[in-house]
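Below are two complexes that have subunit A in common, paired first with subunit B and then with subunit C.
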Partner chain A sequence: MTFLRRARAFLEVYYAYMLVYRSELLLWALAMSLPFISMGAWIKAADTGAFPLAPVEFGRYFLVVYLVRQLTVVWVVWEFEYDIVQGRLSPRLLQPADPVWHYVGGHVAERAARLPFTVVIVAFFFMLYPEAWFVPSWTETVACLALSLLAWVLRFVLQYAFAMAAFWTEKASSIEGLWQIGFLFLSGVVAPLAVFPEAVREVVLYTPFPYLIDVPVRALLGAPITLRDVLIPGAWLLVALVAQRLAWRAGLARYSSMGA
Partner chain B sequence: MRDLLRILSRFWRASLAAELEYRVNFVFSTLNAALGLVLGLFALSLFFQNGHAFDGWSFDASLVVYGLFTTFSGISSVLFVPNLSRVVEHVDKGTMDFVLLKPVDSQLFVSTRNFSPWGLPDIALGLGVIGYAARRLDVDPGHVPAALLAALLSLIILYSLWFALASTSIWFVKVYNATEVLRGLLDAGRLPIAAYPAGYRVFFTYVVPVAFLTSVPADVLRGADATSWLAIEVVVAVLAFGLSRAFWRLSLRSYTSASS
Partner chain C sequence: MIVEADGLCKTFRVADKAPGFAATVRHLVRRRTKDVHAVRDVSFALEAGEVVGFLGENGAGKTTTLKMLTGLVKPSAGRATVVGHTPFARRRDFLSAITLVMGNKQQLVWDLPAGDSFRIHAAVYRLDDRDVQRRVTELSEMLDITDKLTTPVRKLSLGERMKLELVASLLHQPKVLFLDEPTLGLDVNAQQTIRAFIRDYNAQHGATVLLTSHYMADITALTERVVVLHQGGLVYDGSLSSLVSSFVTTRQVVIKLRTPVDGADLAGLGAVDFHGPAELKLRVERDALQPTLAQILERLPVVDLTVTAPPVEDTIGHILKTGQSSKRVDA
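For the complex of A and B:
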C-alpha cells in the first residue's frame, strides 16, 4: 500500500509541474519533426525508385515513428547532471525513497500531459494525407504498446547509467550526445531498417537501437514479433541495469556536493 | 572597423579561455562530428540504392549539400547557438540591463559575445566533404567565387533565423524549446531540395528558407543554372537580416528589465 501511495504522490506532484509548462510541451511535440521530414523524402523516393516499401507504407511508418518517439522520450541525464551540479541531489538522498523515482515520476507524468498535442498532430496528419488512414488490430496495438514500454524502460535505464558519469565529470550529457547520433541514424528515425543493406541490418540488429523505434513501429503495422525482438533489448536492459547500480554505489561514495 | 575587430578579438579570447576549462569536450566533439558524418553519409547513400537518384542530383552532388549542411551546423554551434542561449539567460536573470547600457550596439553585442570552439571539427569535416565532392564533380574553379557568395548569403539567412528566435525570448523568456523546433526544421537541409515532394519544397523555400541554405550554394558551385536563384537569395538574405534587426528593436521596446 505504501508503494501505491508513494507512486500516487509522485505522479500528482509531477503532473502538476508539467501542466505549468504546457506551452513548452507543445513546442517539444513540434520539435520532433524529423520523422515527417524523412517521410517526405522517402515518399518521393518510393514514387520513382525500387524500394521495399510503397509510398503510403513509408507515410504510415514515419507517422508511427513519431508516435513511438512521443511515447519513449527520455531526458533524465540532463536533469540528473543539473541536480548534481546544483547540489539538489543532497536533500533527495535524505528521503525514504530512491531518488530515481523523482525522475520516473516526471517522465510518466509528462507523457500524460503531452498526449493531447500528439492526438492533434496525428489528426492533422490524416487530414493532409487521408490515403494513409489505417486501423491497427487489438493485438497489433497491444504488441506495439508493450514493445514501446520496453523501449522506454531500456532508454531510461541506459540514459540513467550514462548520467552516473556526472559523479565524476561535469559533462555526462556529452556521452548521451554521442549515443544520440547512433540512435538518430540506426534506430529507424531517418530510414526504416527495411531499406538498410542486408549485411548492415544484421549487425545493427544486435545493437539496442532498432528496438527503440523500428521494432515497436513495425509491430503496429502488422509485422510478426520474434523472440529476438524481446531477448536482445532485454539483454541490453540487464547490462545497463547492472552498470547503473554499480556506478551509483561507487558514485555516491565520492559524492561531495553542497550539503552532502 | 578597427574597433569592431578589437571588440571581437576581446570577446572571443575571453570565451575561448572559459571554454578551454572543459578540454574533454574536444574529444567528444571530434568523436561526435566523425561519427555523425559516417552515419549521415550512410543514411544519404540509402537513397541511392537500385539506381535511384534525386531529380537532377547525383550522389556526388548531394555530397556537396551534405558538406554544406555539416559546415553550417558547425558554424551554428560555434557562434549562433551559444549566443542565443546567452540572450535567453540575460532575459531570464535580468542581466540584459547591463548589455543595453554598454556603448556597443546591443545586437552586435548579444550575437557575437560568445564563441564556442566545439563546432570546429564539424566545420573541418564539412569543408573536407565539399572539397572531395567538388573534385569528383570536376567543378570549374570559375564557379567558386559565386558559390562563396551564395554560402555567405546562406550564413546571413541562418544567422537571421536564429537571431529572430532569440529576440522572441524578450517576450517568452524560455525559448530553448523553440530552438529545437528550428533545429528540427533545418535538418531538412541535409538533402537537396529536389528530394522532397512539391508541398515540402514550397514550405522549405518560402516559409522556412532551407532551400537557400544548402541547395542553392551547391547548385551554384556545380554550375547548374542557378543565376536566378542566386539573385533571389540576395533578396532573401537582405530581407532576413533587415527583419531580424527590426524584430530585435521591436522586442526591446517590450523589455521591462528585472532590476529597475
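For the complex of A and C:
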C-alpha cells in the first residue's frame, strides 16, 4: 500500500512536471528520428540488392524501432551527474526514500506525456507510407511490450550504474557516449540484426545491445521469441544491478569525503 | 541529550596544484594532494527543545559539522549521535526525525507549485493526507504564505521560496531542525518572519534547533546559547551574553558639549574615537569607567552623556575573525 501510494504520488507529480515541458517533448520525439533515416537508406538498398527483408518489411522494422526507442529512452546518467555537480543529491539523501524514486518517476511520467506525440508521428508515417500498414496480434503486442519493458529496465539500470561514476568524475556521461557507439551499431537502430553475418550475429546476441531494440521490434513483427531473448538480458540486468549497488555504496562514501 | 557530537573530525583530501603550464604538466604526471582539516575534535551536546546558534566564519566548519550530524558526511574520527542514531547509517527512523534546511539549496520542484512537492514529501514520509493538509495550512499561515501554494516555485521571490522550503522541511514534524543560513539573501521583513516562525515552531513543538547564520540578528533574536567554531575547532560553547560580556572590555562614552574643548583637555580620559565641536566619543576601559566618568563631569562642559556597549554584531564579528574568546564556557 505504501509502495503504491508513493508510486502514485511520484508519477502524478512528475507527469505534471513533464507537461510543463510539453513543447520540448515534441522536439525530443522528433529528434529521435534516426530510424526513419536508416529506413530510407535500407528501403532504397532493398530495391536494388538481395536482402533478407523486403522494402516494406524494412519500413515496418524501422517504424517499430522508432516506437521501441520512444518507449525505452533513458537519460538518467545526465540527470544524476547534474544532481551531483549541483549538490541536488544531498536533499534527496536526507529523505527516507532511495533517490532512484525521483529518476524512475521522471522517466515513467515522461513516457506517458510523450505518448500523444508518438501516436501523431506514427499516424503521419502511415499516411506517407500506407503500404507499411499492419496490425499485430495481441500476443505479438504483449510480447513486444513485455520485452520493451525489460529493455527499458536493463537500459535504465545499466545507465544508472554508469551514472555512479559521477561520484568520482564530473563527466560520467562520457561513459554513456562510449556506450552509444555499441548501441548504435549493435542494437538494431542502424541495421536489423537479420542483415548481420551469421557469425557476427551470434556474438552480438551475447551482448546486451540487441535486446534493447532488435528483439522487442521483431516480437511485434511476429518473430518467435526464445528463452535466450529473456535469459541473456536478465543476466545483464543482474550484473548491472550488482554493479550499481556496489558503486552506489562506494560512491556515497566518496560523496561524503567530497563534502556532499 | 538529543544531539551529541563527541570529538568529531573531518579531513578532506584536495588537489594541490600551482598555477601555470609547467605546474599543470607536473600535476598531470604526479598528482599532489593535501589534507584539509575542516573539523577538528568538536564536541558539544544539545538538550531536547534547545535553540542553539552555531557560529563561525566562512570555512570554519559549521556546514561540514551539520552534514556530519545529518548523515550526509561520514566523520573521519569521533562520534555523532542524533535522536539515538548514528547519522551516517541513515536509518528511516533517524531521517524521519530530523530536517536540514540549507539556504543555498532547494528541494522543491522548480517548475511546479510547492503543493506538488508536498505530495511527494507526504508519500516519502508516509504521512496521512489529512494531516499533511492540516500542517500545510498551519505552517503556511504562520509564515503568511497561504496564497503562494499554487504558484510555480520558479515564479516566487527568494523569500517566498525559503518560506515554502521551511514548510516542506517541517511537514513530517521533525524533532531536530538543522538550519543552515535559512535567511540567506532575504530582505529584512522576510528575515523577521522566518525568525518569528522558528521561535513559534520551537515553542509549539518543542523541537531542538541548531542554527547557523551570518546575520547576527538571527542569533540574538533566537538563541541564548552559542557554539563557536574557528578554523575547524570549537572555541566557545556557552551563553551569548557571557560571550559578549567576557569579551567586551570597553564601553563607549558619548558626550554632548556646551562649548568646544581642546585635545589637551581629554588627556587620561581613554581613547578618542571622535572629537567634534559639540560631541565627543571616547572608548573607556570597563574597569576604569566610574573614575573616568567622574573626571569627565568635573573637567568638561557636559550637556548630556551616554554609556553604551559596542554593538553585538561588531563584537561577535571580531571573535569569529580572530577565534578569540576570553574564556571557554561549558554549557
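Just so it is clear, the second predicted complex is superposed on the first by the 255 of 260 C-alpha atoms of A that agree within 3 Å, B and C clash if a C-alpha of one lies under 4 Å from a C-alpha of the other, contacts with A are read in each partner's own complex, and residues count from 1 in each chain.
The rule is simple: a residue touches a chain if its C-beta (ideal position, glycine included) is under 8 Å from a C-beta of that chain, and two chains touch if they have at least 3 such contacts.
Here the structure is a predicted model, which means the values were calculated and not measured.
Of the two partner chains placed around the shared chain by superposition, neither subunit B nor subunit C is touched by A:L231. Contact with subunit B, but none with subunit C, is seen for A:T169 once the two complexes are overlaid on the shared chain.
Once chain A of one complex is fitted onto chain A of the other, the partner contacts of A:A112 are absent, as it touches neither subunit B nor subunit C. Within the superposed three-chain model, A:K44 lies in touch with subunit B and out of touch with subunit C [touch as defined at top]. By the document's definition of touching, neither partner reaches A:L246: not subunit B, not subunit C. Contacts of A:A54 after superposition on the shared chain: neither subunit B nor subunit C is touched. When the two structures are aligned on the shared chain, A:V142 is found in touch with neither subunit B nor subunit C.
Looking at subunit A, you'll find no residue that touches subunit B in one structure and subunit C in the other.
Across the complex, subunit A meets subunit B through its residues 24, 27-28, 30-34, 37, 40-41, 43-45, 48-51, 169-171, 174-175, 177-178, 181-182, 184-186, 190-191, 195-197, 200.
In the complex of the two chains, the subunit B residues touching subunit A come out as 22, 24-25, 28, 31-32, 35-36, 39-40, 42-43, 46-47, 49-52, 54, 174, 177-178, 180-181, 183-185, 187-188, 191, 195-197, 199-200.
Chain contact summary for the complex, subunit C toward subunit A: residues 12-13, 38, 64, 67, 70-74, 88, 90, 92, 95-96, 98-100, 102, 105-107, 109, 111-112, 116-117, 119-126, 152.
Within the complex formed with subunit C, the residues of subunit A that make contact are 2, 5-6, 8-10, 12-13, 16-17, 20-21, 87-88, 90-97, 101, 253, 256-260.
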